[in-house]
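First chain A sits with chain B, and in the next complex the same chain sits with chain C.
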Partner chain A sequence: MDLFLQQLSNGLVIGSTYAVVAVGFALAFTVLRVIQFAHPDVFMIGMFTGMVAAGFVPGGGLAVALLGGAVGSTAIGAIIERTVVAPLRGRDVLTTLIATLGVSVILQNGMAVIVGPDPIPYPRLLPARFYEIGPVLLTLRQMFCLGLCALLLVLASLYVRRTHIGRATRAIAERPDVAAAFGVDVRRVCQITFWLASTMAGLAAVAVGSLYGSASAFVGLLYGLKAFICMLVAGNRYFEAVIAVGLALGVLEALVTGYVSSSLRDAVAFFVLIGVLYLRPNGLFGSYAT
Partner chain B sequence: MPNLAFFEPILIFTLLNVAMTIGLYVTALSGQLSMATAAIAGVGGYASGILTVKFGVPFLPAVAAGAFMGGALGCILALLTLKMRDFILKLTTLAAGEALSVLAFNWDYIGGANSFTGLEPHTGVFTCLVVALLAFYVAWRFDGSRLGYAARAVRDDPLAAASMGVSVAQVRIITFTLGSALIGMAGAVQAHYLLVITPSQLGFFVSLNYVIFLLFGGLQTLAGPILGAVVLTALPEALRFANEYRLIVYGLIIVGVMLWRPDGLLTRTPLGVARRILGFTLRPARLPKGALRAEDVLSPILPGDGVAMTKRN
Partner chain C sequence: MSALLKIEGLAVSYGSVPAVDGVSLEIEPGELRVILGANGAGKTTIIKTIMGLLKPRSGTIRFDGESDLLRLRPHQIHQLGIAWVPEARQLWNTMTVLDNLRMGAFEVRDKAMVERRIGEMFERFPRLAERRHQLAGSLSGGEQQMVAIARALVSNPRLLLMDEPSLGLAPIVVRDVFALAQEINTMGIAVLMVEQNARQSLKVAHFAYLLELGRVVEAGPAAEIAGKKSVQDVFLGGSA
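After this line comes the complex of A and B, so read on.
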């Protein structure tokens, strides 16, 4: 039972980071009809700009690192939106997929030229402290990562449900033409959505970097596929469903690692995906028609 | 005179990539863009490898078996995704490919994580040339056949195609099987060149390469996949002078082409539509007498706009 609870909490920490990246993916896909394959690399850029920013402040500087991560990822997201995604809006999904994949290749290898292809140590922005909550042992870094991701997800959910632009976002997801007819500035909302998704990824990236204590130019590969699968399994009709599936995937992987074997961990997501797509092709909770 | 040994691997990979991309083109002709190319090629490779290494079967029958296994896998995927819509289909094939990769990773009989080794070299430039030409011939004959036209009609509008008497399910299964058989054949030949098959070769990111080849060249003509595979296989080699920057340049070229020609490098201009080349407008090709476009026939009865060109019959 203790092992179960421990793996459950470990899974929730990882799952929350999947959820943040998956939500960014889902926002871009539902609103812009673009599979933003460079999104995980925006996450990666945020990790490194956060690290550089933290380097300016002696002795930690968590807030500075978060700021650096947010600024870096938002800037790179805005550049991608302006140069690649906006000109291709309305094109076939595959065209944008290949184009953003090209962007992903550029970002990964560009970063590999700067920092080298191997993982490098990431500054531990928080002290190594353990907390015992009942039978579960959590580090401060894990708790910070979970807390930050939860905060981001709650804010994103409030944004989509309660704010004016957020509602416009959902209107565009449902019917872009009708939304435009009702006076929504589709181009503007798409842009803002893209920026916000990038900012979220950058903030989460700093927490993840600090959690694992290492950063690599190719960290996006793993996150990209997982986040993509979360979006598909959940379907893109309900924003909160993507979050739930992200958390569930993290927990499921942790349980498989704990009880079965760690080599099967990465396979879990794919078997879930095949099963769900076969039984419910539009995802567990339904999708907007494309 | 540059050393031929330097160019041989590049030539072999170019020819094999051409064959696989042609196989993908055949699959995509009926609108099913498979994301499991590498997995199908890998299954072909494993099948032929097991036969030659463990059962002592000669090379040619083993390659035929590889093609058969590839085709069988394609048939299964087609049946699995028959009812699925375009986008979901791509993702199911993607997931199936990854699942096979994991299966190969955990199956000790075929080497598991340690890869499948012990294959004997059978493949040279000539073998690959034969494979590429065979793939081209099959795709070329298929392209102009009744079935090829039916496949395009299914791709453009399954509803319209079905109303004209085309069996959508049959066409989709046949194209997927045929294309996958070509990919399986190329995969079997490739395995006997690399002499080792690793489970990661079956993964999504390898499959994605072939999709990039196809979309880069354009999937409207048979020349498209060939051009895409040749250019994008040779390009990273040609960019060797750029050292560590070469993959960045590679990415820039892909992004540039997608922005400049979103439908790929080679596109098809429909009959009767003016063609523009470098800003010059050419006179539109005249429609042959009595030729009908699907939209002329179908637009009064069907919603949306059919763009399939039907053969006069």
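After this line comes the complex of A and C, so read on.
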């Protein structure tokens, strides 16, 4: 039982980071009709700009790293939107997919040229402290990561449900033409959506870097794949469904690690994907028609 | 009186297939005009082109004597005072009735004004007031059509485009919808409707166009059009 609770907690920490990246994917796909394959690399860029910012400002620590991560990821997201996504607006989904895949390759290998192909140590930003909560042992870094991601996810959900412009993002997701015809500047809202997804990714990336104590130019490869799978498994109709699947995937991986074998961990997402696509091709919670 | 909306020589194609081929038509302030045509005649294409959702091959669309609609994007056209009741309603099914109405005046900054207009809609359509927190997708066809019309009216438009408002509705509801179009029109809002239901729409319209394969083949006062043999043959022969 103790192992179960421990792995459940570890899983929620990792799952919350999957959820943040997956929600970014889902926003880009449902609102802009773009499979943003460079989104995990926006996350990666945020991780490194956060690290650089923390290194440049003595004693700045966590706050500066978060700010640096957010600024870096938002900037790179805005550049991608402006130079790749916006010019291809209205094209086939495959066209933008190939374009963002190209951006992904450039970002990963460009960063590998700068920092090298192997993982490098990441500043820990928070002290190595442990907390016992009942039978569960959590580090301060884990708690911070979970707290930050939970906050981001709650804010994202409030944004699309409760705010004026968030309502427009849902309106575009379901019926872009009708939204435009009722006064929504679709290009503008798409742009803002893209920026916000990038900002979220950058903030989460700093927490992840600090959690693992390492950063790699290729962190986006597996991370992005898992987040992408979360979106496919959940379907894109409800953002909350994507969040739930992200958390569930983290927990499932942690349980497999704890009870079966850690070498099976990365296969879990693919088993789940194959099973869900076989039984419910539109995802567990349904998708918008495209 | 000068025309509120004036379309001249409009031609729209889907790829190389012409859908609208040299259509000219207009509507004056306070009028209710109907464009009659069968499936594939190009009715919806005209409406979507006015709304800025399709780009024509040639032609001009002027609103209020001045604005060249072809240079504007859909949200800007809406801001000029043109609202749309789309074919098959096209509500945001995953949003509540209330949120659908709020989205009807997205760009209006004065929130109090929007809420007041929504209040007026709920007064006019008490059924919608009861269902304001239900998802629009869960409503009946007739109720959904009321939401679609109310959504278009929230922005207080000068011109209302109604794309086959009777489509897929029970006959008794169809009558209500045409009566409502007339009521909206008497409030001073110009209504440009496209329809297949000639009998009912000609009763409420002032002026009618007959569209065939993307061209206007007849145009005249509604009573006159209703008497034309071609119209009776195509639309009124034996149909309800």
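One rule holds for everything that comes next: the second predicted complex is superposed on the first by the 288 of 290 C-alpha atoms of A that agree within 3 Å, B and C clash if a C-alpha of one lies under 4 Å from a C-alpha of the other, contacts with A are read in each partner's own complex, and residues count from 1 in each chain.
Here is the rule we go by: contacts are C-beta pairs under 8 Å (C-beta built on N, C-alpha and C of every residue); 3 or more make two chains touch, one makes a residue touch a chain.
All figures in this text were calculated on a predicted structure; none of them were measured in a lab.
Of the two partner chains, chain C is the only one that A:R237 touches; chain B does not reach it. Among chain B and chain C, the chain that touches a larger number of residues in chain A is B.
Looking at the shared chain after the overlay, A:V105 reaches chain B, while chain C stays out of its contact range. In the superposition on chain A, A:V184 makes contact with chain C only, while chain B stays out of contact range. Contacts of A:L221 after superposition: chain B is touched, whereas chain C is not reached. In the superposition on chain A, A:E174 contacts chain C only, with no contact to chain B. Shared interface residues of chain A, touching chain B in one complex and chain C in the other, do not exist.
Residues 48, 51-53, 73-75, 77-79, 83-84, 86, 90, 92-95, 99, 102-108, 151, 155 of chain C touch chain A in their complex. Interface of chain B with chain A (complex): residues 33, 80, 83-85, 87-88, 91-92, 95-96, 98-99, 102, 105-106, 113, 204-205, 208, 211-212, 215-216, 244-245, 247-248, 250-255, 258-259, 262-263.
Within the complex, the chain A residues that touch chain C are 164, 167-168, 170-171, 174-175, 177-186, 237. Remark: chain A residues 84, 87-88, 91-96, 98-99, 101-106, 109-110, 112-113, 221, 225, 229, 232, 263-264, 266-267, 270-271, 273-274, 277-278, 281-282, 290 touch chain B in the complex.
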